[in-house]
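In structure tokens below, several structures.
Both complexes shown next keep subunit A, but they swap its partner, so subunit B is in the first and subunit C is in the second.
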Partner chain A sequence: MILFVLKRLFSAFLTLLVVSVLIFLLAHLAGDPAIAIAGKESTAEDIARIRVHYGFDRPLIEQYFAWCGRALSGDFGRSYHYQQTVSDMVMTRLPITLTLGVSALCFALAISLPLGIFAAIRPNSLIDRISLVIAVVGQAMPTFWFALVMIVFFGLTLRWLPISGNASWQNFIMPTIALGYFATPALMRLTRAGMIDALESDYIRTARAKGLGHASILFKHALRNVMIPVVSVSAVQFGAMLGGSIVIEQIFALQGIGWLSYDATVRSDLPVVQAITLIIAVFYVLLTLAADLINALLDPRIRIG
Partner chain B sequence: MTLQRPRTLEVENLNVRFSRSNGVLHAVRDLSFHVEPNEILGVVGESGCGKSMTALAIMDLLSGRAERRVDSLKFRGEDIARVSGNEMNALRGDRMAMIFQEPMTSLNPVYTIGDQLEEVYLRHRDATRTDARTRALSLLDMVGIPAPRQRMRQYPHQLSGGLRQRVMIAMALMCEPDLIIADEPTTALDVTIQAQVLALLKQLQREFAMAVILITHDLGVVARMADRVLVMYAGEIVESGPTQQIFAGPCHPYTQGLLRCMPAASTPGQSGARLGTIPGIVPSLIGEMTGCAFANRCPHAFDDCRHGTIANMAAEADHAYRCLLPAGQSLSNFYETSK
Partner chain C sequence: MDQRQELEAVPHSAGLARRALGNASVLMSGTVLLAILIIAVIAPLIAPYDPYAHDLSRRLLPPIFYDGFDPAHLLGTDPFGRDYLSRLIYGARISLIIGISVMFISGLIGTTLGLIAGYFGGRTDQVIMFVINTRLALPIFLVAMSVVVVFGPSITGTILTISLFLWDRFAVVVRSATQQAASQDYVMAARSIGCSNRYILVGEIGPNLVNAVIVIGTIEMAYAILIEAALSFLGFGVQEPTPSWGLMLAQARQYLFFDSWLLYIPGAALFGLALAINLLGDGLRDLLVAGDRG
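Entry: the complex of A and B
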């Protein structure tokens, strides 16, 4: 188990190293940062001065290590636009996006696990059909459109929910549903398929031959095996939601990381974009790592090679 | 025998059907047989003859797609054909247990051996975890698993196929059942392991004085293990009787054909002799069948074989076969001459 954890940590570290290089280089491919900082009406001298001031004239490799060193100590520099430290800006926004992501994932799992399990127990039943419709619609409908429909219906017509801002928990309901629904089809179909496979497996036949009750067969013997791929996909979906929150936060004016990254991209606020991209990448890697570790706990075949 | 013990199992007219798009598939047709306490009943036949379906039907473990019809299914004298799912669940694992063909996949990969053994005991007995553990340890020891304490903590993937099948046997024995159905228990194992597992099964059957239905396609296994034999063909019993009588004087042409397919045993001392085969293929199981199911492959078939129902004939007491040919007619030359 310890060896397994060390291996996973090492590969997570390698992934982050590659990602950080890419983020650093991409920012430099996006155009001359000195011009972006200097603004439109600046002279060539201004630009040259800025280039020296920010160290853009030094070799890339040197800049990379300097950037990495600062990033590790939480210093992502100052925003070009707001004259505020990037870490302050990111740290005030991060909880909003994490709240949204966690609640969206919980929402997706709360919908997809019971529906997927029930659809597997009774294939072709009414609930199976309904869940298939939910999955197809969820897969086909663009998230932003679904969000707008909800705003019109629940926000403007019925006036049940606030449509923008992040003042109270009610502000999170519609964004959570919009973002969570996006992840529901994959998780639901995976649960259903896994459950059908499991229920037809030899070890479930053995469990039935032992005279075990339905609950034990379903929740003890089948579900644990079904959960293994669901955990992996959940982690990927959570990562995708962090990315997907850019659109959702924009629509609902939730001022989280996604909102900030859009704003920073529009303004070519390079340090902010870099910091956000790196943070999302770190989350992605941590989530995958967490999924691997959870699966190792669930499945001894992973744990004990 | 002073006091008549009820038969462990008595099956009357068991049918298993599947609805297919092209008709109804009769996997098992009008099967009637019984198992005495303390005997090993061998059920033999080729793939698809309905052996496993019969086993699953007795345990009420058929998949939802299969339809079971049975006039009566008496277990220790009580008809269990129409009992509730809960009552059947109370019997399964406790009074009747099953050992499956695939030891590699029959154990749940994510739970320890110990957990899976204890579970069945805790389900059927009012026992503590410690009781269940003690019981599991003693059974692992009994089925010849070395270092049972370590094995209890291990997972199925850490055990070989032979060990896993021993675990399955131990699991079946946890509650000392009256009946064990072993469905091809050694087919997936190496030959040397096969012999060990079979010897173990026979020894435990004697020790626990229980009834065993041993399903196999291997006549050698039947000869070594079974007290009585059922020969199945296309979902029917074509011959049944004490093992020695079946092997010494097979009456049904199919049984005779099967015995010729056995290497060595059929032609002792004649090394290099050609191994027998039964020409032709099994008839389709879809739709009703008239006449003898074996008629299209039978060397002796005549017109009457293809019409009506074929009644059971008694060769000797307790030895029956389903054929129009009289018993004792010497057919033994036929396969040689027909080559």
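Entry: the complex of A and C
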């Protein structure tokens, strides 16, 4: 187990190292950051002074290590556009995106778990067919179009829900549905397939033979095994939603890190873009690491193989 | 062994065609997809107007299912007075070009990496799995937008960026299928008579992966089309005045209250195209993968 944890930690560290190099290089391909900071009307002298001040004149590898060192201590530098530190800007926005991500994941699980389980118990029933339609439609639905159609119906026509901003919990309802529906098909198919596999297995037959109750077999025995893949896919989906929320946040003017990263990209505010990309990558790596470790605890076969 | 397979191959493929025609979802989605493909190819012949022609005196005319529509413009006109039907028809071209190119490029990258990882195993496998994990940690929209900031917007750039993000599922599926195949008798036999690794991968294992790759290909093609639309919607994909469904939706966004039909038409087209591709993939999976005699 210790060897497995060490190996897994090492590969997570390596992934982050490569990701950080890529993010750093991409920002430096964007042209001279000194010109971006100084603005278009600045003199050559100003640009040269800024270049020395920010350290852009030093070798790239030295700049990378300096950037990494500061990033590790939570210092991502200052925004080129706003007179604020990047970490301040990101930290005030992060809770909004995390709220959206968590509620969207809860929404997806609240739909996919019960429907997937019931569809597996009664294949080809009406509920199985309904859940199949929900999955097929969800996979083909352009998330941003779905969000806009909801705005027209629930926001503009019926006037039930606010269409922009993040002032109250009601502002999160439509973004949660839009983003959560995106994650639903994968989770639902996984639950259904896992449940059908589990119900056909020998240990369920044994449990039935012993005379255990239906509910006990379903929830204590079958569901527990289904949860292992559901946990890992939920972790991956949550990570994907943090990155994918950029479109939803932009549509609903929900001012989380997705909204901030759009704003920063439009303004070529590179330190902000770098920081957000890195933070999303860190979240993803930590989530999948946690899911792997939980699964290794649950299933001894994983940590030996 | 070879003879038996040849004997089996004939009734099998004939049965496949019959089953495909009998499978309602493959038949319907295949027909819809073929129709969209034909429309896209012959767009200049069937589009009633030039999709770029402005006419500000005829802007925002409503489509056929609204009162007071103009018979000259079946789907109305956009805020610049451009014929909406013509832009929709030309927009199918962009979606299909991007979907098909991404499918081929990412399929090539993913299949190659998956084959190598699954066949050689060990250190090679570890390195490729590491590359897959690294790719999964990078958020696609943020990187794609940064790439546009760095290199400027272009259709080629959009295709390459999306392709570099969508090969992972090909790689994962091909890798595990190759791992299974590598321990089969026919691969051992090929190896024992001295076939090169390249021949075994391309000539022996490859053909057995085609079905799985086709199914993944449909999923990724639909996904690529949706990503392109979202990027164009955000202003980081295809640029005005090129007709793209994502761009039409971005424009429609400013007219949600009074002219919401601007939103419904390209959105429904996008949804319908993605749905047809996904249903075709689902149907093909039932026909090819599940019906495989492995």
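In this section, the second predicted complex is superposed on the first by the 290 of 305 C-alpha atoms of A that agree within 3 Å, B and C clash if a C-alpha of one lies under 4 Å from a C-alpha of the other, contacts with A are read in each partner's own complex, and residues count from 1 in each chain.
Rule of thumb we're sticking to: a contact is a pair of C-beta atoms (placed from the backbone, for glycine too) under 8 Å apart; a residue touches a chain by one contact, two chains touch by 3 or more.
These numbers come from a predicted model, not from an experiment.
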Evaluate whether subunit B and subunit C can sit on subunit A together after superposition, giving fit or clash. fit
Now for A:299: first (subunit B), second (subunit C), both, or neither, which partner does it touch? first
Look at A:201 in the shared chain and tell me whether it touches subunit B only, subunit C only, both, or neither; answer first, second, both or neither. first
Who does A:144 touch here: subunit B (first), subunit C (second), both, or neither? second
With both structures fitted on chain A, tell me whether subunit B or subunit C touches more of subunit A's residues. C
Check whether A:289 is in contact with subunit B, with subunit C, with both or with neither, and answer first, second, both or neither. neither
Touch test for A:209: subunit B only (first), subunit C only (second), both, or neither? first
With both complexes overlaid on chain A, does A:14 touch subunit B (first), subunit C (second), both or neither? second
So, does A:265 touch the first partner subunit B, the second partner subunit C, both, or neither? second
Measure off the angle at the C-alpha centre of subunit A toward the C-alpha centres of subunit B and subunit C in the combined model, and quote it in steps of 10°. 80
Rounded to a whole Å, what is the shortest Cα gap between subunit B and subunit C in the overlaid structures? 15
Please give the residue numbers of subunit A that touch subunit B in the complex, ascending. 200-203, 205-213, 216, 221, 224-225, 298-301, 304
List the residues on subunit C that touch subunit A in their complex, please. 130, 133-134, 136-143, 145-147, 149-150, 222, 226, 229-230, 233-236, 249, 252-253, 256-257, 260, 263-264, 267, 270-271, 274-275, 277-279, 282
Residues of subunit A that touch subunit C when the two form their complex: 11, 14-16, 18-19, 22, 26-27, 29-31, 136-137, 139-145, 148-149, 151-152, 156, 236, 239, 242-244, 246-247, 250-251, 261-262, 265-266, 268, 273, 276-277, 280-281, 284-285, 288
Quick one: in the complex, what on subunit B touches subunit A? 59, 61, 63, 88-94, 97-98, 100, 102, 105-112, 119-120, 123-124, 155, 157-158, 168, 171
